[in-house]
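Each structure below is given as structure tokens.
The same subunit A turns up in both complexes below, where it pairs with subunit B and then with subunit C.
What follows is the complex of A and B.
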């Protein structure tokens, strides 16, 4: 391998790890902040480091410090299988993290004659990996619930496992219909498939080709991530905290973070399978590479506009009501952040200008296109995560029997019917 | 059965959720998201328009005269304590948080007055029974103080002088009438 190839490979591994791990504090913050705004309250906005509160995201890091320095308490009644009790949260966390590694963040990059995948794990059987590794997470929950030697924990683990089984079928069948549609098990090939259009106007996203499969898989992924409205595995009024009742400090945090990584992974799968992955609608990778100059020109105008909007929003919202005597350093923070953002914008503008003016055929576009695609992917991923959070704070929880009824009586037949119709259509079009 | 159903005293509560549209959940989810997203977007655009107060910097302004805040002992016109240490409030108190030690009053205004009058606010349930029981209008809960802070348990036991130092936060009907009669 040449140096450039090694750099690109390492870069994509680091990017995958960062996108999964750094997203945890951001998602925890986003969840608390969005739920606050939905409920007409501000959410965490006090914690700060030297007056910098960054809209409250500092709170997540303070929470991490708290959880790390907390006492690790193992209940005395756990005599057997203590090592599995300790291992269980790690299984859940690691499986959620590993499942994320096969998501492509950008199209394959040609470096020194070799096509390199921008994935943490450059494999061509991404969806099988996701289904296999993603399902291992439930083992951590079952182990944790069982070895807690606590009836609530056992019930929680039981519920988690039961709902996982009932929805994995629908998820699997939905995924099979998507595999039939795309004729591939490779996530990257799926995204490339989605770069076309229908009748020249509608982007050929999975959402528009397979709306039923999109709904089925989205619901199944909600269950897979154990999030509301399917959060029956934990319930304060019935079974305390479910399978992690007996867990404290970092071991609890491991389950907690695992949930958010799983949500992030599920969001990435939805983006990749149904929302065109890293692609812009109507513009494929080839078009981007060939005509990068007009794209750079558009970006040259778009970036300052977006930044200006953001700065205006920040100046408007990073403050307190004028009746208050002190703003707790928010004014100073706004001024400094405005400077930083303007500096960043100028830097991006300079790079874009250079890309516009550079001679054709140089390396500029082939570096800029993957970066642009990564940005698009992250934006789409954040929007889907926002959707996950919005759903959680909108819907009441399903009762346990309702979850089972929905899974077996509605989703499973719907997934089967969808698969049936898809197969007929694919066979008809193919012959 | 049929007659009771027709009776005007029985209202039939409509049951929702049996329609085909409800079984699909999606229309209801859409309606719910419309509500939550509406709140989110409104607060996202202007966070200062939110109703929620930034307590403690912002204090509530909507405390009504009927709000039962911290207690106070009222004064007579000459400024002396109004309480006659009759123990009515302590008897009425369901929490048993009022501790009174009576003493003889020597200034000729009345016969008795409290030497000690202490309210343990950690025990108090703020029911207002003491105020209702008082025959002399000597104890009131109209200070509008809703927050008691302290470093030790003893800080929460309000003694006579502290109770006397509290002032009423509202213009009551009686004070208004009194001022009107003075004029």
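What follows is the complex of A and C.
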């Protein structure tokens, strides 16, 4: 391998790890702020480092410090199996993290004659990997709930396991119908398949081809992540906190972060399978590479406009009530952030200008296109994560029997019917 | 370099399989048994991955680790078995020693089989065990036996459910 190839490979591994891990504080913050907005209150916005609040993101880092320095408490009644009790959260967290590693963030890049995948793990069987590794995470929950020697924990663990098994069937059947449609198990090939259009207007996204499968898989993925409205495994109104009742400090945080990583992974799978992955609608990678100049021109105009809107919004909102005499450093933060944002914009503009003016066929576009695709992917991922959060704070939790009835009576037959119709259509079109 | 890495990985995974197996045999608590079962299945999956058998690896992780272990756990947790429920085992040590003496000559057979079996099979092509070649084999070349087998399994499953399902009082009333 040449140096450039090694750099690209390492870069995609680091990118995957960062996207999974750095997303956790952002998602925790987003969850609390969105929850606050829905409940008509501001949410966390006081914690600061030298007056920097960043809209409350700093609160997440304060939480991390609190959880790390908190007392690790193992209940005295856990006499045997302590090592399994300690190991269980790690299984959940590790499997959630590993499952994220097969998501493509950009199209394959040609470096020194070799096509390199921009994935943490450059494998061609992404969806199988996700299903296989994702199903291991539940073991951590069951072991944790069981070894807590607590009836509530045990109930929570059993609920989690039973719910997961019921919905994995619907998820598997939905995924099979998508595999039939795309004729591949490779995430990257799925995204490439979605780059075309129907009748020149509708982008060929999975959402528009298979709306039923999209609904089925989204519901099943909500269950896989154990989030509301399917959070019966931790249902605090009935079983205290479910399978992690006896966990404290970092061990609890492991489950907590595992949930967010799993949500992020589920969102990435939805983006990749149904929302065109890293692709812009109507514009495929080939077109983007060939005609990068007009795209760069559009970006040249779009980036300052978006930044200006954001700065205006920040200047209007990052302040306290006029009756208060001190603003706690908010004015200074706004000024410094405005400067940083304007500087970033100028830098991006300079790079885009250079891309516009450089001679055709040089390396510029082939570096800029993957970066652009990564940005598009992250934007889509954040929107889907926002959807997850909105659903959690909008819908009440299902009762446990309702969850099972929904899974077996409605979702499974719907997934089967969808699979039959898909197979007939695929066979009819193919022959 | 790569060969040494593969050898050490193989040693590690084999050690995992052995440890897990011993845990299943020797541990006193069901939780440790379950953990040993989990470790064994995971290490076997790792061995498949070491042989570049991607499909077997996924099948192992998806079905055995993600499915069988969970179902086993649910079974252990819901069936509350006590030591008094088990049948009595008088002269346990004597039985164990006797069985070991009877089985000992057979281990020579096992040794011979294991040492000569590797040469009996032809070397496989690169595509062997891949998802595509396996799919072609199952759903193109051998589709009729596969379908017959699946009907057989379905029948067995329905039979097991009917036999296993006790008639409840609310079944008779309605």
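The rule is simple: the second predicted complex is superposed on the first by the 431 of 431 C-alpha atoms of A that agree within 3 Å, B and C clash if a C-alpha of one lies under 4 Å from a C-alpha of the other, contacts with A are read in each partner's own complex, and residues count from 1 in each chain.
By definition in this document, a residue touches a chain if its C-beta (ideal position, glycine included) is under 8 Å from a C-beta of that chain, and two chains touch if they have at least 3 such contacts.
Fair warning: this is a prediction, and the values are worked out from it, not measured in the lab.
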What does the overlay on subunit A give for subunit B and subunit C, a clash or a fit? fit
Contact-wise, after the overlay, does A:54 reach subunit B, subunit C, both or neither (first, second, both, neither)? neither
According to the stated criteria, A:416 is in contact with first (subunit B), second (subunit C), both, or neither; which is it? neither
After superposition on the shared chain, which partner residues are touched by A:348: those of subunit B (first), subunit C (second), both, or neither? neither
Would you give the minimum C-alpha distance from subunit B to subunit C, in Å, for the three-chain superposition? 24
Mind pulling up the subunit B residues that touch subunit A in the complex? 23, 26, 29, 32-33, 35-37, 39-40, 43-48, 50-52, 54, 57-58
Using the touch definition up top, name the residues of subunit C that touch subunit A in the complex. 29, 31-32, 34-35, 38, 54, 57-58, 61-62, 65-67, 69-71, 73-74, 77-78, 131
So in the complex, which bits of subunit A are touching subunit C? 80-81, 84, 123, 125, 128-129, 131-133, 135-136, 138-139, 142-143, 146-147, 154, 157-158, 161-162, 164-165, 168, 185
Within the complex, subunit B is touched by subunit A residues 34, 37-42, 215, 313, 316-317, 319-326, 390-391, 393-395, 410
